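There are two complexes below, and they share chain A, which is joined by chain B in the first and by chain C in the second.
Showing the complex of A and B:
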């Protein structure tokens, strides 16, 4: 883990790291990665990954609309919106 | 008449005997919240609607299972028309247009939601020191942490403000604060309780559950919290037993698994003694102790700190300042809007976990970390499956020690992560587990954890209840032992 890696993953995460905290964050992340490297002690050859404790296939349901249309309520709680859309800074000149 | 330190069962009795009115109960709760303001246990109160509901109940008495019972709701559950912050600046102004299924279930059972409890930001923390709304204080001592992430819920119950609270547990967030605050906290089997309307942290680990003064009350609450919910694809549609039915089953011939791989040498001597005394109590109740092996248990914390951040980095990508929550002022363009809204809105611990998650999921590292952790997760689950073929429950201490001082874990995040050493494995394997008070060291409570087999909440509630009928550790309060 180095500054360059942290800059890359910060951008992937859409996060900005304060300059004065950068060194501490690099150090913390480095320690955490070193800590989780213990996982290499386990022999996992031929072990199927476990993504969820239930391991059930998601159930299908009939293709019928059950949700209520909350358009008005949802647009109302947005930081910026008009009658139909969420508003953001202009992206196309 | 007071409801301070009373159980749900006792309060129900007081209501039915007309010893206290519903309105008097709710008024007392808000007086207690004010008297305990220094605990900082609440973020948002629901005073007027709560008082209104209590007046309605006085006019039209109800026989619903939780009628009139005041419950504090963790601020991670969406509550319709009531601010829901998840302890974060980014949701500072978020008022959900709907309620979580758990909240609906509890309110449909008659409970009165009195407010939203403080918590570690997005449930990431074990001491309630990462909330945007400030630290929560443990009622057992000034400057002591209540544990986390459900620190506000635990403090509110521990201080006797409410008989019960809702909470959530991703790596120990119900059991560890329950232990540090001297109350009972239950994490159900993954899938037992709907996650719909819970603000997601790590979706394959998150599970909601109750905090209360007794196992008996937890059983009553769990009966109401559970339901099969089509809105949550991981919600189980298995039969839901009546959790109050088997509480009094004798423990004779029952088997308790004791993990021989567990290294207790790093624990305080007194903590080990309290734990061993509890095991003797269970033996006196007729249960026998069986050595079991969980050889991969020591890898549970590192496994968790890959899986949980990975899922968190994905779940928290929804907070972008566009659709809800807080937006940064005057961004120059859309990308800056995302970056500034997130950077200003999240605290340091949340950022750290998002970064770790992005790292372990990124190209070139996915197999080495994320896939590897999921494989070890399988090994840990297999260990439990094997152990449970021969035993009823597993017991461990809940935490490494009693409540610690705020700020005492220093600035090394790993020291805080190790706080969940005993609790994390139940989340990885999806198993139910409960923490009950089992001792007191220098006027600070300790807890013992009982882990059950998949879907077997009934057994752990039975063990916990039998312990509470023969001991009085659950009656200890910060103001002395309850009559």
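Showing the complex of A and C:
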């Protein structure tokens, strides 16, 4: 782990990190990774990769429309909206 | 220096389910903005996605039809990125265990036929739509489309030119329409495609650096965008520089591709298994049911048309290549009991009109019902084949009912032989020198008399009757 990785990940995650905390975060993350890395010592050559700890499979839905029209309510709780759309600062390609 | 092109396609197919992949929101196209948004589509805190089984069934149909492996246990992952029309900040997709792997499809261009391998086809949710040009300084977001099920079909990088890429896209489109898993509507965005293009010197084993072209939504643009990009990459390399791996946007107005720098940094999606969703398992019985109920596919239709109906190989190929055309063929054949006549019209006049207008049969004004009527009227001798051509043109241009055209234009074929005899007699009497020449052995003149009778009757005479009558008269 280094500063550059931390700034890249914080940018990708849209998490702001104070400049003066960067050093400490690098240190903390290193510790966490080192701790988790112990798992690599276990021999897993005969073990199927685990996609989920519940060892269950999913319940599924049949193809039915159950949603109500919540346009008004949903637009109201947005930080910014007009009568028809959620509004965000202009995104231009 | 000769160059080789390597192309791979990622086609996003919108599956025609009623509800979304993980919520009971409607997938209807063109609804009022933000009216089909469920709490799950919004990604509000505390909601849990539940997978729509029908989306799996449709994906499996595609897998079976392409001879692929079906993963009866498949799972979901999160693809993380930020964009306003992606409410959760991640897209649920299948990265590690897709539902479909290792299929293939046959494609045909003017030059050749070949098989293109399909790496994988996985389920994922669509994003919403951003509207950039409606509001001053703001982007509007409509989440109706958010959560709509997509099947992303990834080809192997083994397509070698723009024409093949188009043929592959068309083959996939017809297949998903045949399978009834997608409406194939390009204008509504039901099928969209990203193209990976790279070039290398002929004979080189290693792949060149590729560029990914986005935002391509028509057959014409696929071809143009690829050809532009191939030229661009060759120019770059020949000028001593190297191609940069990047995402490029195709601009159809300027016919060029340009770099989307904004996408570069975001190119780390940090996939991980979606903790909200357990693996979905398809039972042996479910799989068997889907297999047993698979509709007849283009290849099977083609074989049946040749073997059971006796069509020519070339006819069977054209008719079976589109579901709409195959349906028109089968409907009209069962009405008239004259499949060969139906085939002749589809492959002849109808195909010629399609080529002339450069459209697909689905886009034409001619309905299957109206086409069936046209064939019926030919086969019951109401109109002659020649008149039928002009009726077809009218129906083609204006979508007018065939019977209506025949009635209002008075095109019904003259069945009364006495009327035809009278006309034929008049023609024979007023052309004594031609009669003399014919009788002295100029057999070819027979056509002249037939032509005159047809002209007199404005094409409404039954040519067979005219032939018989003239033969008698000129004996």
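In the analysis below, the second predicted complex is superposed on the first by the 80 of 93 C-alpha atoms of A that agree within 3 Å, B and C clash if a C-alpha of one lies under 4 Å from a C-alpha of the other, contacts with A are read in each partner's own complex, and residues count from 1 in each chain.
FYI, a residue touches a chain if its C-beta (ideal position, glycine included) is under 8 Å from a C-beta of that chain, and two chains touch if they have at least 3 such contacts.
Computed from a predicted model, the values in this text were never measured in an experiment.
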Task = Examine A:5 and indicate which partner it touches, taking first as chain B and second as chain C; both and neither are also allowed.
result = first
Query = Which holds for A:79: it touches chain B only (first), chain C only (second), both, or neither?
reply = first
Inquiry  = Just checking: does A:15 make contact with chain B only, chain C only, both, or neither of them? Give me first, second, both or neither.
reply    = first
Which superposed partner A:64 touches (first chain B, second chain C, both, neither) = second
Query = Which partner, chain B or chain C, is in contact with more residues of chain A?
reply = B
Ask   = After lining up the shared chain so the two structures overlap, which partner does A:91 touch, if you call chain B first and chain C second: first, second, both or neither?
value = both
First (chain B), second (chain C), both or neither touched by A:47 = first
Ask   = So, A:35: does it touch chain B (first), chain C (second), both, or neither?
value = first
Note = So the chain A residues that chain B and chain C both touch are 8, 12-14, 51-52, 54, 56, 58-59, 61, 66, 70, 74, 80, 86, 88-89, 91
Inquiry  = With touch defined as at the start, can you tell me which chain B residues reach chain A in the complex?
reply    = 94-98, 190-191, 204, 230, 233-234, 236, 296, 298-299, 301-303, 305-306, 313, 317, 320-327, 331-340, 342-343, 346, 348, 351-352, 354-360, 362, 369, 371-379, 381, 411-414, 417, 428-431
Query = Of all residues in chain A, which touch chain C in the complex?
reply = 8, 11-14, 51-52, 54, 56-67, 69-71, 74-75, 80, 82, 84-93
Note = chain A partner, complex, touching residues on chain C are 17-19, 23-26, 32-39, 41-42, 50-56, 73, 75, 80-84, 96-97, 130-132, 134-135, 137-143, 249, 260, 262, 265-266, 268, 270, 273, 275, 277-281
Key: Footprint of chain B on chain A - complex, ascending   = 1, 5-6, 8-10, 12-17, 21, 24-25, 28-29, 31-33, 35-42, 44, 47-54, 56, 58-59, 61, 66, 70, 73-74, 77-80, 86, 88-89, 91
